[in-house]
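You will see two complexes here that share chain A, one where it goes with chain B and one where it goes with chain C.
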Partner chain A sequence: MEAKQGWLASRVPGLGCVCGLMKEGRAPGVCWIAALPALLGALLAVLLASGAVITVYYNPWHAYASLQGITREVRGGWLVLSYHQVGASLAFALLYLHLFRILLVRGYRAPAEFAWMLWVKLLALLLLTGWLGFVLNGGEGGYSSLFNTSNAATTLSGFPGAVAMWFLGGQPGGSTLARLLVFHVLLALCAVWVILMARAAARKARPMLQGRVVPFWPVYAAQYFAALSALALLFALLLGFAPHWGQGTQNAIPAAAMAVPSISYPWYLTPLAGLAGVFPSVTGHIWAVVAAVALLYALPWLDRSKGAPPGRVYKLLTWLLALDVLALGLFTACPIGPMLPELLTFWFFFHFLVLTPLVTMMEAA
Partner chain B sequence: MMRRFFAPLLAAGLLAGAAAHAEDTLSPLKFQSEGAFGSIDLAAAQRGFAVYQGVCASCHGMGALHYRDLQALGFTAEQVAGIAASVKLADGSAATPDSHFKEPAPVNMGGATPPDLSSIVAQRPGGTRYIYNFLTGFGPAPAGITLLPGHNYNAAFPGGQVSMPDVLRDNAVTYADGTKATKAQEAADVAEFLTWASDPNLSARHAVGLRAVIFFAFLTIVAVLTKRRIWRQEG
Partner chain C sequence: MAESTAKPGAVPAEADRRDFLRILAMAGGAVGVASVIWPLVDALNPDAAGAAQAQPIVTVSDIPENSAKTVYWANMPILIRRLTDKQIADAEVVAMTDLPDPAEISSRVAPGNGHFVVVVGLNTGTPCELEGNSPSGPRGNYEGWVCPCDGSQYDVLGRVRSGPAKRNLAIPRFTFINKAQIQLG
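== the complex of A and B ==
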């Protein structure tokens, strides 16, 4: 191992570094939840591999029909499509969980603020990639969403308008999905790069090891393997028995050039869709999404605690925020009251803009 | 009209081989394809195809399917060739096993177009049961509901009225396996057939999923025990 590592490291520095991770010392007794980024990386690998197969057979000019062909005609195609679908669902679940955990322990503060910003970038990338995947299905919901978005984009002017024009290419037409497929793949590759960067940054931001140190191999390798195996179990459960969980039936209908009254998004996009839907006009929706992600990004500056450990009130508020986001998704998917999304969205912004600075300042005092 | 006339003959020819009677799955209603361990009931799906071909196909296409795909329901290659040969395409030629299901002539039901049924079970909330409830949900409109012109009352359809007429009736087809072709039986059979058409891999998916779950459940137990052992020694 030693000799091999030296041999590799002297020829391929990057790979030598990967081997070095196996010997890296760590503090003892770290919770399994710290393995989430590694699991997320494994899911991204599944998504890339299955995506590579799907891209070979996918035809953006006949999106719906080509996916039907992959399901019905390509040997094992239905399984690969399900890998992609279930992989996307679980990747979002793990990323949301990871972000929540960082919020709860205030892991976004210096010196880990750079890692936090990278995790938020990963969220933005995955949301955009996930939305593109939703659109690329060629279903009714995806097409309506694309139609609304590109319509709104044509009303933007100046730099945002130019970016939107470059991205969407104006009104949706035959070649729009071909263009979006390129972005879907490119952004997915970017996500891999960002997750590697975020992991490196998070590793650098760890406190100096004091006292007893245990090696990664075999102590944490065994933990990671157990976590990976449990994730695979969850994956198999969804794959076999609920492949379309949280996807709705709307996108199974082929797109027609007719708008649907309300779009049902996959579960991982619903909280954001609900938040956006509160604001008037589709341009308002776009800016609401940008604002929500920007707020997360600005969290290291909104927190005024200056290194104090998270207090009880802060933790309670963070749990409330998680419930708020879950409820926002739930009540967007199955609306029950007229004012509920508005209230939940208000709480989301109120939490970050008012409560976070206030409570952290009070707890630090 | 020709299709109506030939439908019983066609169904009889199709199902000559299968002699088993269907067990009673109508009261209470159950579908073999339902649930985590569900699989397609091939006999019911074969009967359901006869219903589709004899009744539904005059207005609804199933463009994503080929006649050769029916082999997955247990039809032999000769039977499939026979089924295809009995279908006359729009240009007058007979279909082959590699042809897509015949597209019916466009029908306009007072502005509504009959939807393609290839993936209908995946496209409707409630899936299989919705199809059954819809096909058996026609009836006289209750008091207080005024039907639009050209519409029929259907308790299962969102909004309660639909352009499609009540097409299923007792003995609309003759089942070759001797099953009594009641209206409810036909509805249940065609619902099972459409479930297969929407998700031809349903049975395989459940089989693969079950094996994978068992494997990873054991692997997870072993991995957790190993981790604990290592942590006791080193941690």
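== the complex of A and C ==
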């Protein structure tokens, strides 16, 4: 076995690093949450496999009807669709959790800033892929969202407008979902590549181990398997009892161009949708989304702490930010007050643009 | 396996229990992974609509003697003809040297159901749907089928007799499930 691995690893570039993972040492007492990226990778694998099966039967020219056909006529088709839906839900949950954890421990600073930027890229890719998946359902919600987005794209001018037109191919028509399906698949494959890159970058940024080292196999491998089992249990529970959890009911009716557009997004898109909805005009929505992701991307430079450990105030603010994002999603899905989304959106930008530089500078001093 | 210094019949050592737990965990994991993958592999089988169309059952007992009916299967016209006793007797005495594509009658009909000819109704010359199901329609000089496009003529068994076409009509996969019905595919 060892000899075989050595033979392959000396001939296939990159394989030695994969095999070496098992022998790699870790610091003692690594928390179970370190398994999150690996779990995310497992979920992406489930999404790719189920997506490949769905693509065999999916017909973008008759999207809604073909999904009905998959549910009724394909063997286990209803289960494969649920794999895809639950897999997407859990992938977003794990990615949000992972980003929150990096924020909390300030894991985005040098030398791990490149890994952080890749995680943010992964978030952007998954958000776009998730939205495309929502649209590809061919339901009323997806159609309305696509309709609004195309309208926004026509008002953009110059280079952004040209890119948006290229992406959407003009007003929604027969071939729109066919092209969006291609982008959905391409972006998903890009996401796999980005997650591999991010994990490699994070591994590279890990400090050199001093003193006692615990081998990955079997100590941490067992921990990873336990984490995978917990995820599998959660996956099975959602699959069995709540496959449509957090998806909204609007996509359950077929798209109709004459219906009044009002959109309920899946839960993982609602915080961003709420944040965008605060800004006037459709062009404003697009720039708000771009700004929110760009801020995350710029975080290594917004942080002025210069290597100091995170202080109490910073941690408190990070927890507040998490609550803020959760509330933004919740109150977008079920609006209760007039000024609440505005306030929560303001806090999001205020946190990154003012509080983060200020607090990190004060705590480092 | 753990080395065991214990006497036979003694309480299992700690390591034996661990081996058991490991095997149990691995077996559980294998079952879990297999049950996740099973629906994904199974879903690539033909779907219900495809399976229903793949092997249709056709009633042949309602075809009158000396005429044929057309059913469509695998996007092709399938011609099913009921022969008269005279047509069978005539076909048996045709000399093989008269046929462009020699074929015995036994190779053109199903054993035990010699009155029925089942062929793909596409001319083997110019691809065209054949005419001649009805006794009153155009049938050519051999009582069989004729191609409206290039004039190729076939006899009652679907053997080519004249015209640009050089090969006999193809015979689709089919089985008699009883005296009155055939199943295609």
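Keep this in mind: the second predicted complex is superposed on the first by the 360 of 365 C-alpha atoms of A that agree within 3 Å, B and C clash if a C-alpha of one lies under 4 Å from a C-alpha of the other, contacts with A are read in each partner's own complex, and residues count from 1 in each chain.
Quick note on the criterion: a residue touches a chain if its C-beta (ideal position, glycine included) is under 8 Å from a C-beta of that chain, and two chains touch if they have at least 3 such contacts.
In this text the structure is predicted, and so the values were computed from the model without any measurement.
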Subject >> Combined model on chain A: chain C and chain B, fit or clash >> reply: fit
**OP:** Mind telling me which of the two, chain B or chain C, contacts the most residues of chain A?
**Re:** B
**OP:** Please work out whether A:P243 is in contact with chain B alone, chain C alone, both, or neither, and reply first, second, both or neither.
**Re:** first
Original post:
Where does A:Q223 make contact in the superposed view: on chain B (first), on chain C (second), on both, or on neither?
Top reply: first
Original post:
What angle, rounded to a multiple of 10°, is defined by the Cα centres of chain B, chain A and chain C, with the middle one as vertex?
Top reply: 50
**OP:** Have a look at where A:G29 lands relative to chain B and chain C in the superposition and call it first, second, both or neither.
**Re:** first
Original post:
Which partner does A:N59 reach: the first (chain B), the second (chain C), both, or neither?
Top reply: neither
Original post:
Does the superposition put A:R72 against chain B (first), chain C (second), both, or neither?
Top reply: both
**OP:** Using the touch definition from the top, say if A:A252 reaches chain B (first), chain C (second), both or neither.
**Re:** first
Original post:
Is A:V214 contacted by the first partner chain B, the second partner chain C, both or neither?
Top reply: first
**OP:** Classify the contacts of A:N151 with the two partner chains as first (chain B alone), second (chain C alone), both, or neither.
**Re:** neither
**OP:** Give, as a whole number of angstrom, the minimum Cα separation of chain B and chain C in the superposed three-chain arrangement.
**Re:** 6
Original post:
Taking the two structures together, which residues of chain A meet both chain B and chain C?
Top reply: 72, 79, 225, 232
Original post:
Which bits of chain A are touching chain B when the two form their complex?
Top reply: 28-29, 65, 68, 71-72, 78-79, 82, 214, 218-219, 222-223, 225-226, 229-230, 232-233, 235-237, 239-241, 243-244, 249, 252-253
Subject >> chain A-facing residues of chain B, complex >> reply: 36, 64-65, 69, 118-119, 122-125, 200-201, 205-206, 208-210, 212-213, 215-217, 219-220, 223-224, 226-227, 230-231, 234-235
Original post:
Which of the residues in chain A come into contact with chain C in the complex?
Top reply: 46, 49-50, 53, 56-57, 69, 72-77, 79-80, 83, 225, 232
Original post:
Quick one: in the complex, what on chain C touches chain A?
Top reply: 25, 29, 32, 36-40, 42-45, 47-49
